[in-house]
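Letters A, B, C and D mark the chains as written, and numbering starts fresh at 1 in each.
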Amino acid sequence: MKDLLNKILADCKEYTKYGSVATYIPELAKADPSSFGITVYDDGKVTSAGDAKVKFTAQSVIKPMILLLALIDRGLASVRSLVGVEATGKPFDTFNYSDRALSGEHINPMVNAGAIALLTLIKGATYEEKFIRLLSFTRQLSGNPNLDVDEDVYLSEKKTGNKNRALAYMLKAYGLIECEVEEVVDIYFKACSIRVTTVDLARIAAVLSLHGIDPETKNRLFPKEYGRYVNATLTICGMYDGSGEFAFRVGVPAKSGVGGGIMAVVPGRVGIGIYSPALDAKGNSAAGVRALELLNRELDISVF
Amino acid sequence: MKDLLNKILADCKEYTKYGSVATYIPELAKADPSSFGITVYDDGKVTSAGDAKVKFTAQSVIKPMILLLALIDRGLASVRSLVGVEATGKPFDTFNYSDRALSGEHINPMVNAGAIALLTLIKGATYEEKFIRLLSFTRQLSGNPNLDVDEDVYLSEKKTGNKNRALAYMLKAYGLIECEVEEVVDIYFKACSIRVTTVDLARIAAVLSLHGIDPETKNRLFPKEYGRYVNATLTICGMYDGSGEFAFRVGVPAKSGVGGGIMAVVPGRVGIGIYSPALDAKGNSAAGVRALELLNRELDISVF
Amino acid sequence: MKDLLNKILADCKEYTKYGSVATYIPELAKADPSSFGITVYDDGKVTSAGDAKVKFTAQSVIKPMILLLALIDRGLASVRSLVGVEATGKPFDTFNYSDRALSGEHINPMVNAGAIALLTLIKGATYEEKFIRLLSFTRQLSGNPNLDVDEDVYLSEKKTGNKNRALAYMLKAYGLIECEVEEVVDIYFKACSIRVTTVDLARIAAVLSLHGIDPETKNRLFPKEYGRYVNATLTICGMYDGSGEFAFRVGVPAKSGVGGGIMAVVPGRVGIGIYSPALDAKGNSAAGVRALELLNRELDISVF
Amino acid sequence: MKDLLNKILADCKEYTKYGSVATYIPELAKADPSSFGITVYDDGKVTSAGDAKVKFTAQSVIKPMILLLALIDRGLASVRSLVGVEATGKPFDTFNYSDRALSGEHINPMVNAGAIALLTLIKGATYEEKFIRLLSFTRQLSGNPNLDVDEDVYLSEKKTGNKNRALAYMLKAYGLIECEVEEVVDIYFKACSIRVTTVDLARIAAVLSLHGIDPETKNRLFPKEYGRYVNATLTICGMYDGSGEFAFRVGVPAKSGVGGGIMAVVPGRVGIGIYSPALDAKGNSAAGVRALELLNRELDISVF
């Protein structure tokens, strides 16, 4: 496996030049576009190659964890009252003109509005408590008690995150959330700024591949059906507008983030974490997607 | 004229039952749906009928004044860099998904986003100063130095105006405004809550009908071309999605507000103010639109 | 007036280089982009300058005549059951996906779908008869009994007009028309291919400016309210997505066609025809729009 | 298995009352809404329950076969030049207004426009030949040499299929197809009218579950990657706007048709065919979807 991963990294290395690092959050622009690392977590066995232990911020890769914890804390019905599952485009057509009521059916848990809405479902007397629970849960899934927040990225997001504030006010205007907007977006920015490595992502993915079983302790961390729900959602819309293409080329549930990470779940088999911050036009790690495509050719990981 | 206005009110009275008062701002729901008044301002001569002196909040009827003052303070080029003139629907299709850059071209000055953006152009060291200039300007146009803010409506709007906050954060996210969102929406709520009567609206409309000439002092209050710009804009989109229908049935520039007011400009001739808070499905005063239609039949006010 | 028109043509001449001739219909691509002519029809007095007598095809400028004849033949209620009056954007969002029923409310008479639908309302046992009535009506309005069809353009449109066939089948699928698609699009192509000069357009515009009165015979050709309806419609959406800009810069009802013609109506005053086939980005004659803007500065033709 | 299927049919029977049969094609309205049948094809072993041998028309269930044969005949690059793979909503926003060029990227192979476009790729000197190849291929996949066309449904579709004609003309207008519209829609209507049973669908699904291997002869009928492509596409958008919900509740690639059929592929395991013509709000067989959900609970067929 080690040799295979090294070979794949070498074969895909040039793809790191085919994209560019995210710049809309100033701190993200500092990433080294040539970084490239991968980890496969297979039944307790961890195999890495390249920059597998470089830390980067989870960004949207944290969304499945928000969804999972909301499911655990409030159950499926509450989650479904806030977010839908369809990939079909536009959550709200016009905003101030037509005043069509926005409903949860049109909000996808893998986009910002959905993730912000779901944060309000996580238990906790304060928003700080909700965040601490999310961080603890993510630490538990990753088996890494040292996961922390990249303060610079967090402050950078907080400073420039007006689009997320707009989304949150819209959710509030339609009665989907009731909290103070600044409180919920604050922990959203923090959640996106949680620092991970490919090893962390691979281990989280391994739990999802086992539908909730901790691969080391063999404890069940969440019900199987929640794992199915998350994996299905990732397949439909985990890779933004490239989800269909990814389903064909790789064929496994996965979530990418603009920080350059991809977490890929091979149900019943392994968890994979990848990092390469040069993004393609759809916002997915260019070399990361290519590496997963080659991995599928070698290991036939596609569920289809 | 007095007889004509009384006859029209009588003929349209039943239309006050064909709509319902706005309820999305709790304070507005308190309006009496049977109220109905009209004033025509003709070359210094004021003719009123019905509840012409009942006070109500301007709501969207203040938008032309915001546009005018922004034009006066910053000129056409600055205004056009923030707002467009086309009526064509949707200012932004998807918001968080497609990340198509929002530009001023897609924002209409007669919808909330455009009016909020234009408020930032009004001169003033603070937002309170900007608002005081807008209030003074509106007093000047109306010839009524006693125009003031309905504090209850203002506080009600401030409390429930999250959609406007969402719009303002979106404008900020795309670099169209730079101020603190709460500051600009605060004076937007105040501006919408300026209390007027049909007499006030009729006199403001008279100034617009004279393209900037004060009908009493004969002083020029703003350049003719700004009057043309505002009148054209009102024709294209002053009556929301009913602007085309209104152009056919009445045929003059007009602006309605959810408070129940309509300000109608008959270029070169008269200014008209109407109040009747029962709104039709498009958000325009039901009896008010009907009264203007009858007035057109009698006085042939259509510019077409 | 003659001197004024010559001066305006000279001043705007360079604008003929700011656009390009339509190419989507091969025959239209043969037009000379430097052609430029104008005619003003004022109370029986015809003043022309430049290429005022060059023949070109009416294209969309025929749409107001289709609307008028449909009104005359079937009345307002029938017309309104097929087409709306609002300019607000999109008539149907998705077509095969969402299967939202298409209704006349969403179809504008100044776009192809609306004009095709309205052709079915014109009286005539056959579609050829309907077309002959439209041609006769247009001849009557223009006072030119020699108006005919440009056979080359007609055949070129017929060959390449698949988008119009698509629109017609969509209208049929939603029950808005019932005829054979090929029959109605055939006369639509013919109608667009009627050959006119600026003199013809100016005289037709003069009839509209008089709301139906023939400027020579003083006979009423159609009811005043139909003239108002057409003029209002032209103001709202006669210049495509540039209608708002045009309302501000020129301020009169007008219709442009991709053949390079513009017909502009100054209600109660004059009719204007312009020809210059180099089109701006919105599909309107670039030099033509500029000439009307200058004419407004000189003669204050704006209705606003 | 037989007992399980009978139990599931009994448990879901009431769901046949929760939907209604398609009526937009008059012939389809004649279906018996209480019909309900299922077949599982497992390694050559066929197990059926209920109305498993009732014939119904494939309708959209034929789309995967069109996609497969286009892939076989022209390869992936040709197919991808005509159709995309994303589920994200709208293939074309405005049609006649904005004139944004339509490209294959926006057309999904599981909606009508995509299927019509792909029919043109199938080899054959005439459209009749193309259809015969499609019918033969479908017979081969189903192992049923007697599959034929329901002439009544075909003629009914041909008579009322104007929306499909509109789509085909639009494809032609944008240069995506070049053939005569009536020729290609004619074989589209025929293709949709191919009569199948749940046994046929289960066997076709079995071939897809084996990625191209005939379960009886063990011959390879098409390359593995084509099977992956089709299965991925079915997952993303095979169940219309209910694809996300279906991914969560059932978790396998599937295609439904308005005739009441569902073909479900359990990769590497089995093929399933279901028939129950009462459709839910999204156009999928109501009882069919429910049956698959129960089957997943019992047999854990989800790939996620």
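FYI, a contact is a pair of C-beta atoms (placed from the backbone, for glycine too) under 8 Å apart; a residue touches a chain by one contact, two chains touch by 3 or more.
The model shown is predicted, which means the values in this text are computed figures rather than measured ones.
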Inset, instruction - List the interface residue numbers of chain C and of chain D, divide the shared ones by all numbers used, and answer same when the ratio is over half, different when under half. - result: same
Legend entry - Chain at maximum distance from chain D, centres defined as averaged CA atoms: B
Legend entry - Centre-of-Cα separation between chain D and chain B, whole angstrom: 54
Legend entry - Rounded Å distance, chain A centre to chain B centre (Cα mean): 45
Legend entry - Per-residue multi-chain contacts in chain C, two or more chains: 89-90, 93
Inset, instruction - Write out the stretch or stretches of chain D touching chain C in their complex. - result: 89-97, 111-113, 162-163, 165-170, 172-173, 181, 241
Inset, instruction - Show which residues of chain C lie in contact with chain B when the two form their complex. - result: 84-90, 227-229, 231-233, 235-237, 241-245, 247-248, 251, 253, 267, 302-304
